[in-house]
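Below are structures written as structure tokens.
Below, chain A partners chain B and then partners chain C, in two separate complexes.
Moving on to the complex of A and B:
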């Protein structure tokens, strides 16, 4: 009995953790390449969930097509946000950019409340109700999709960054923006691609995680806080760190909620990040300076 | 820079603040004036961290809540007088500020913001879940109004409360000014502008930041106490981003790194809050647009529009 519950909690934690990773990868990419701490990242998660919802409701497209549509649409919105807000401010102090992203975050969350309505909504997914039994562990198909899709997407992002020309240009920009520009890397394009990729990933995670609970316009706040914990824990700008941090957070939260107290679930996450930052201020996976 | 003479513009401002209740007819306007000063005190304290130290603390609302709870619990549960609660709120908020600052200030930038957010969230969780001690989400009610010892005169709402808050606001503003004119204040600016260079000049960056952080948390603790005894009902909501976001908006829109900026920012906030009351959820949208626009187009905040005031804050501005 003990092991059944334990395994179930670990499985739940893994699914939640993979969700966190998917949200956090975009955040860490934008920081790594553009040096922007994007507080509005969670809002793109929220937009992903809501575009999926309205694509199903208004256009009547099937769930998976709606996910794809949301990803493309929100990636476009991310590019727009970069062009309008972040590109003109590229040379400003990081505090200014932080504040602008905070402003954008409040803007999208409150704008979302007006446009979408504040009441909770439920994304109808054909996979949300059917459960699978894996030994002692029960998971819905939706949660398995989250797990598998997140693993595949993160693998693809890794391969993209590692092996494609654009990916290599992103790496170069992350290492040294001016140096990359001098070697002929088109920084504007790199930034546009990075934003599209990051916001697209946030939208996919919103579209996939959305059906596992209800959605409302302020979930972006939740998403960005979780992503920040993950990214700060793993090390800002590190992809491997985001993966490790996300899984660690997901599992610790699930076990903590079960064995300590569900009321303190969020506090457990913050407790871990506090402990990690005190031990290694730059994060777990970044070399000490 | 001998002594701290009050310059003309500041004297005019203080005279205006002292005379303002005479012009405010009716409970409603008096209530708005008190709210303004309470927000101004909160914004002024956050400004020490954001404007002078150049760090962003997302945990500042938690110290506001700690101050409010410290005083409310001592006066309601232990029956102690208001003045004792006031002192306790500064001590409790300052103590937590010391501990949390000691831990967090080793880190800077976005990590610092997240770490303070984390501590704030942990405190919020504790206050909402430790029901035996804090009464949980229901909070504390029937908080008594401040009472002046000996005279037995109760400071209830309206004009008397305005002057009570004004006293602490002016005291804090004076403190900020005095601090920034001192060697320590110049060290703050040096640390904000370039901490490596500051270290090389023999400034203990960590101690300097910690001092600023503790002063700011004590100040916001006092603001929390005054707020609790004015509104008379407090809940753990005080610890959250619902109080944090307005504080940031007030400091940035008004003008960070100045004494008048946060006070002006609080005025803009309170006025807009009332003007836009009918528009409901549009309010926060307007505030977020305001925040974004002022960061981009008016980095010095509203006070930078008035050259006269800029002259007054010349020493602080000169370092920007």
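Moving on to the complex of A and C:
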């Protein structure tokens, strides 16, 4: 029985952790390239879930097609948010930008309640309820999809940043914006791509994690909080750090909750953050040059 | 429709304009409305419960207003406030309602922690009709103008635990409860009652009001290998995920939902995973009640949600408050209104409703079970 529970908790932790990774990578990308701490990132996660729901309900498309549609639509909304809000403020003080992202977050969450309705909704995925027994471990197909899709997507994003020209321009912008601009990098395009990528990733995580629970317009608050913990753990702007941080947080929460106390589940994340910040004061805002 | 405070000034202007154009209208509008402050969770985890409550209350107000209002022609006007599912916000909403907006009475609350905090602001200030909270201390440590409609966890649980012990054939249970005043009281009481009648309680796990995933708690509970799981989840959004995830983890035992938390939306969201789940509820639609039938018609005319227990509680809370004001002949002499509430039996959407000396309500309740996606009454619970 001990191993049954242990393995199930590790599996729970891995799935939750992969979900965290998917949300956190976008957050860390936007910070790394644009130097924006985007509090509204969780709302793009929420929008991903709701666009999926309405695509299935109103357009009648199958679940996986709805996921794709939501990803593209929300990536577009991310680009729009960048053009309308963040681009004109690029030279403003970082706190101005911080407040704008906070405002956008509130606007989207409360707007969501008006447009989508406050009642919780369930995304009807055909994979949500059917469980697979892997020895003592029960996982629904939906959770397996979260694991596999997240791993593939993160791999693709890595390859994109590492090997494509746009990816290299993003790296250059992250290292030194003015230097990159001087050597001919189109900063506007880099920012547009980064926002599209980050919001698309948030949307796909909302669309994939949505059917594992129910969705309501304030789920973004939860998502952005977890993503912040992950990003601070892994170092703001670091993709590898976000992957390691997300998986570590997921598994630490599951095992800590099981063997120490469930009351500590949320405290575990904050505890790790405090420890990381103490040992590595190059955390949050100090990481800036 | 619900009239917000900003819109009300516009409305007042429109009324003045209307009054200027015709003498008959002046007479019709001469009596000021009775304003009821509805402090409910309109954002946060309890958003849906708050919305249902507001809808139920407004439907009941429409019926009263269509019959000419109360106190010789005064209409009921509902002023809504958002407690954001948080005690702090509930308290500040109550202050705004009492001090700035000067409402006549408060008909409020979906969750115990908020009612427990808010009653200290309403003490000695205003009539406070508490709706859904089940924590015993809301009335035990209440005040002379505070009433609570719902049964307490103790009243409801005493009957329900007897039913669980005698009819469900369980040797052991595990408890999953929300980590707030309500959930901790439920877990403590049921742990005690079930143990007393011979059902072993193998363990209790809690979840936070902000949790959206329950696999970690449920994995631990599955490991306890109990015959049944008792779930105390007060928000529909969390309940639905819990019932689904119980089945997704391969649990095949009996599942019991805490009292008052079974509603059509929960069944819609939970799908097949809630089939067969037992609960206890004061609001059932298969027991005849003409007042409830009329209310359901009015509700369906205005809202797309199905009528639910929380909506019926809010409707009954408003009905009792309005009728007692009418009987007492005042909307602000709270001693007189409170005396009227205590001294009479009120016929509401929940059937006959009475209150004792400390303001605790007494309503009928029923054992229900989900069968073929419908809430079916199996027997009377009290």
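As a convention for this text, the second predicted complex is superposed on the first by the 282 of 289 C-alpha atoms of A that agree within 3 Å, B and C clash if a C-alpha of one lies under 4 Å from a C-alpha of the other, contacts with A are read in each partner's own complex, and residues count from 1 in each chain.
In this text, a contact is a pair of C-beta atoms (placed from the backbone, for glycine too) under 8 Å apart; a residue touches a chain by one contact, two chains touch by 3 or more.
The structure presented is a predicted model; accordingly, all values stated were derived computationally and were not measured.
Peer 1: Is A:129 contacted by the first partner chain B, the second partner chain C, both or neither?
Peer 2: In the superposition, A:129 touches chain C alone.
Peer 1: Thinking of the overlay built on chain A, is A:264 touched by chain B (first), by chain C (second), by both, or by neither?
Peer 2: Only chain B; A:264 stays clear of chain C.
Peer 1: Name the contact category of A:274: first (chain B only), second (chain C only), both, or neither.
Peer 2: Only chain B is touched by A:274; chain C is not.
Peer 1: Counting only touches as set out at the top, which of chain B and chain C does A:229 meet: first, second, both, neither?
Peer 2: After superposition on chain A, A:229 lies in contact with chain B alone.
Peer 1: I'd like to know which partner A:113 touches here: chain B for first, chain C for second, both or neither.
Peer 2: both
Peer 1: Can A:157 be said to touch chain B (first), chain C (second), both, or neither?
Peer 2: Neither: A:157 stays clear of chain B and chain C.
Peer 1: Classify the contacts of A:219 with the two partner chains as first (chain B alone), second (chain C alone), both, or neither.
Peer 2: second
Peer 1: Quick one: is A:95 in contact with chain B, with chain C, with both, or with neither? Answer first, second, both or neither.
Peer 2: first
Peer 1: Overlap the chain B and chain C contact sets on chain A and report the shared residues.
Peer 2: Of chain A, residues 110, 113, 118, 221, 263, 266 contact chain B in one complex and chain C in the other.
Peer 1: List the residues on chain C that touch chain A in their complex, please.
Peer 2: So the residues of chain C touching chain A come out as 42-45, 47-48, 50-51, 179, 205-208, 210-213, 215-217, 219-220, 222-223, 236-237, 240-241, 244-245, 247-250, 265, 268-269, 271-273, 305.
Peer 1: Of all residues in chain A, which touch chain B in the complex?
Peer 2: Listed in rising order, the residues of chain A that touch chain B are 31, 37, 85, 88-89, 94-96, 98-100, 102-107, 109-111, 113-114, 118, 221, 225, 228-229, 232, 236, 261, 263-264, 266-267, 270-271, 273-274, 277-278, 281-283.
Peer 1: Mind pulling up the chain B residues that touch chain A in the complex?
Peer 2: 54, 56, 103, 106-107, 109-111, 113-115, 117-119, 121-122, 125-126, 128-129, 241, 245, 248, 252, 281-282, 284-285, 287-289, 291-292, 295-296, 299
Peer 1: In their shared complex, at which residues does chain A touch chain C?
Peer 2: Chain A reaches chain C through residues 1, 4-5, 8-9, 12-13, 15-16, 110, 113, 118-122, 128-129, 131, 133, 138, 140, 212-214, 216-219, 221-222, 253-254, 257-258, 262-263, 265-266.
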